[in-house]
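As written, the chains take the letters A, B, C and D, and residue 1 is the first residue of each chain.
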Amino acid sequence: MPVQPVTRFAFLGPEGTFTEAALHSLGTPSEGGAVPAPSVPAALAMVRSGEVDAALVPMENSVEGSVSPTIDGLAGGEPLVVTREVFLEVDFVLGVRPGTPLAAVRRVASHPHALAQVRGWLAAHLPDAEVVPAASTADAARLVAGGAPDPAGAVVAGAPDAAVCPELAAERYGLDLAATGLADAPGAVTRFVQVERPGRLPAPTGADKTTLTCFVADRTGALLDLLTEFASRGISLTRLESRPTREGLGVYSFSVDCEGHVADRRVGDALVALHRLCDDVRFHGSYPRSDGRAAAEVTERFADAAFGTAEDWLTRLREGAGG
Amino acid sequence: MPVQPVTRFAFLGPEGTFTEAALHSLGTPSEGGAVPAPSVPAALAMVRSGEVDAALVPMENSVEGSVSPTIDGLAGGEPLVVTREVFLEVDFVLGVRPGTPLAAVRRVASHPHALAQVRGWLAAHLPDAEVVPAASTADAARLVAGGAPDPAGAVVAGAPDAAVCPELAAERYGLDLAATGLADAPGAVTRFVQVERPGRLPAPTGADKTTLTCFVADRTGALLDLLTEFASRGISLTRLESRPTREGLGVYSFSVDCEGHVADRRVGDALVALHRLCDDVRFHGSYPRSDGRAAAEVTERFADAAFGTAEDWLTRLREGAGG
Amino acid sequence: MPVQPVTRFAFLGPEGTFTEAALHSLGTPSEGGAVPAPSVPAALAMVRSGEVDAALVPMENSVEGSVSPTIDGLAGGEPLVVTREVFLEVDFVLGVRPGTPLAAVRRVASHPHALAQVRGWLAAHLPDAEVVPAASTADAARLVAGGAPDPAGAVVAGAPDAAVCPELAAERYGLDLAATGLADAPGAVTRFVQVERPGRLPAPTGADKTTLTCFVADRTGALLDLLTEFASRGISLTRLESRPTREGLGVYSFSVDCEGHVADRRVGDALVALHRLCDDVRFHGSYPRSDGRAAAEVTERFADAAFGTAEDWLTRLREGAGG
Amino acid sequence: MPVQPVTRFAFLGPEGTFTEAALHSLGTPSEGGAVPAPSVPAALAMVRSGEVDAALVPMENSVEGSVSPTIDGLAGGEPLVVTREVFLEVDFVLGVRPGTPLAAVRRVASHPHALAQVRGWLAAHLPDAEVVPAASTADAARLVAGGAPDPAGAVVAGAPDAAVCPELAAERYGLDLAATGLADAPGAVTRFVQVERPGRLPAPTGADKTTLTCFVADRTGALLDLLTEFASRGISLTRLESRPTREGLGVYSFSVDCEGHVADRRVGDALVALHRLCDDVRFHGSYPRSDGRAAAEVTERFADAAFGTAEDWLTRLREGAGG
């Protein structure tokens, strides 16, 4: 299965948002290779249709939790797989038109979510400023930039003076940073994933993750059974989210990230068990982990060699040998 | 512990949002008894400070999943308990100034989240309209209403012509309904909870729920052990969400709703086990379920009588009787 | 692997005991093909050395429980496998020399175990008889027969008048049955197993058993983990015995019979898991069950087809397909 | 509940057996206080009827495994409790009439079980001796002693020359030890238990055992559920035996020894859970362990204090406090 290199990217837009910053941190793509998508579903649709090779979308955030459109966008529809993850510390700057002092800011624009995360900072530093919503943090920066003095020195009526936005957006729209580190809860991290059509399975590195969606009927113990299949093979979960599904009242899905690669015997063995156990299970890829945490060491009884030895033994038993 | 009746409510504002609609569906409160809060944390703070008796806030949504600020607002800070839940079907209308035909709509305002949920409808019915963000769905309605023709027949420059909002917001701001049922995925339901300071524990009804947050160290099997304590007592979970915590890298919390009331022996027994098992466990109330689903029947071995008989037996054994 | 037919049998002797009766119930072997062994270890040694093709030995008894020498004889030493099981209802007769009335019985002989099982009957019917031990129930019958009147009409001094023995022993030594149904607890059943050197694996019948010995380190939960491997694959245990081992303080073995055949996917899968989990695991054969109980029906998710489908899916995933 | 001191003992007889030796190792009872019983059921019946205060009976043997009559005698009938355990290394001597050299031994008597355990020794040292069964090892010694030369120097015809028996039996019947250490598998240990009517519950010592019989319906997972109740409370099992029951086809019982005392919170809590879980559960006492092995240390979350704290917390929750 020859695989084309990933040259065309979609990302959750617009330009200048954290997702584009995350994309840049990956060193990709080349000039003109990245197009903004208006939403996560739109970005995933561009991958499915072949319009782009991959999409970068947010998966979870240390403050807000899982990003439901990404979780649900993987769980339903044509198969997509994650091939890479990237973590980005999320913080906000206050972007202003060049030369604008903080004291002169009267109107602050941003996406409502971003405004919620800097509420404390605004109350402390710009208590009298009017807060206006924007469609995105980047759009807020664009609005501020668009309100630049005209040749006659006038400012566009009603334009905001400042944007709460990523540093990239300020840079993109030529804004000065009137302040940085605006987040009330510093240290927030967002995890982004690179999503592609199946075909390219990253090679195991020894420190990998695998993403799955498991659908189970609504019965006491379904999740317990499911977790047992991981625990009995020494596989740690790094993310677990329960989601109601639309297929019918009383059917739940569990979105799961676990340690290990589908090529690892213990992970493959768990997948076979889950396939039997669950009403349905979807595989969303195995890829190198880049969360900066060491993978738990695989104890001997869960290592590939233990599976190989055990299966050889079984083969001999079935041929009539004693054991 | 004499308990004052709940007469003063906070709700996730502004006025006219779904949360206020949910509050009305409860038949409470009396005139002037409900004040909007700008955010979930603000609403919870008003309860903690005693400014109000209770807050109504969204807990989970069938499309978007858990509402993180509510989950986290219960998990941290001074204790709060849920005393009631209410489910509301969420749908959007297109509110316009009286007399405005759909064909005349040029600008549509709403909260970005709402706009995302009606994207398909807008593409089909208003493909050429400009979409503008608002701070909330209700604020969009306010902006539309504020754009009413002035005495001279002029419209305020830039005001939107239509708002994507709850019916309650349209009504509140005197808008006509140019269209209803805008949601691309109909049938979405939001679950709201009434949150109070501890003190008032609703009596068991036989069909109750209990809400908890369990904090466990990051080890394989922690969740398995936790679920075993529920399963071994025949207690079904109706919601489960894993959340990272800020207390330190590698500490997870699980936000859980389970069937049953803290006054039920099986639930009390599970709580004792969880208290021993978890690094910490917080109790967020027991209250009647109102999700329209029958509680699973409690089998004999999990009923209060089975616990009573077993404990009487244990008492006799400890006094030296045989068994 | 061409397999010789089983023509030479050892059985737990001496002749006339229940084990020989069980052997006859199998319709085997032909004249001269069965030799008594003085003990279970001796019978197993005859199989291991090739002196006989198979041994029939008792495995468990509904009154006495497991037969330790058989359990231990399988668990240690060169591999042996069970190829057949047979159940025999165990009851005792009172064998006397022809013409001896019950009232004339003064001395009753039997193996101490058998005497223990008819204690009540003896107290009721022969309260004044002297009870004398014999090396086996069959030997008791032999002693009674040997006490036949000599030509001069005298009886050998001290010979017992009656033997508590299997009907087969009475028949073998030409004794009359002065009474039958002597067992104080009627309905006792002994399960015998046919043990061979590996090489002949009986074909699956759909109602089979598999016998194993699992060695685990002495830690809380070892058995729990072990049982989980069966339960999570829908495999019922029909016998379980915990045994201390001599390999070292604190190492336990579990002797297990489970439903299913090693050729069944679910059983093979469990064996692989046990091989990884246990310090050691020994396979003692798969064979048709003949306990007269229907095998529990295998639910769809544990059937061979479910494993096949799941493994095909895994193969595709590993080749880069989505799932 | 005033408890009479234990002054009258029954033991598994006859005199001179290992059980009497175990009784002596306990330092009890005083002269004339111990009476032999012909069988384990008889010894237990003497306790139940009040004829004696306690019985000492074998519970398990490192070679032979569980002693079924003791297991079953506790499981059925009027309640009995274990109040003490004692371990005795089991070995055999060759007892002969004073002055008999080993080379002069022609006939060796013993209980068939004992003969089986010294088969190797006899083959090596007395290959030509005739082996004759006796009702017990002590009876063998009695027979040898009874064969003493009469005044005229004659020996009673047919009397054995040597007995394979415990040293105590040789001593009791005035025999010399022609050889010691006859057991083919040295190091065998038998565990004896002191059984009484309920009423006297030994105080917790910090290193105790509790004995139970659990009856469960025959369903996959019954034992798994049962073991989970121990494991989730950090309680190790020191013995586990599965037994068929006579109450009906397909009902199993599990005879269990676990660490801890019924007065310990974790054990009491497990008993309550087992009482709910099992069709029936019988308590056979808590008593100091004397197996020479240190009890596993109780981790904090399973200690009494953890239960106390958790239950206090639950009480507060039920009174309306937050948590």
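Assume contacts are C-beta pairs under 8 Å (C-beta built on N, C-alpha and C of every residue); 3 or more make two chains touch, one makes a residue touch a chain.
What you see is a predicted model, and the numbers here were worked out from it, not measured in a lab.
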Rotating subunit A onto its identical copy subunit D by a Cα superposition takes an angle, to the nearest 5 degrees, of 180
Please report how many Å separate the Cα centroid of subunit B from that of subunit C, as a whole number.
-> 63
Roughly how far is subunit B from subunit D, going centre to centre by Cα mean, in whole Å?
-> 61
Please compute the C-alpha centroid of subunit C, do the same for subunit D, then give the distance between them in whole Å.
-> 25
Of all residues in subunit B, which are in touch with two or more distinct other chains?
-> 228
Just spell out which pairs of chains touch, all of them.
-> A-B, A-C, B-D, C-D
Show which residues of subunit B lie in contact with subunit D when the two form their complex.
-> 1, 3, 78-81, 197-201, 225, 228-229, 232, 262-263, 268, 271-273, 275-277, 281-283, 301-302, 306-307, 309-311, 313-314, 317-323
Would you pull the subunit D residues touching subunit C in the complex into a rising list?
-> 39, 62-66, 68-69, 71, 111-112, 116, 119, 131-136, 139, 158, 185, 187, 220-221, 223-224, 227-228, 230-231, 234-237, 239-244, 246, 249-250, 293, 296
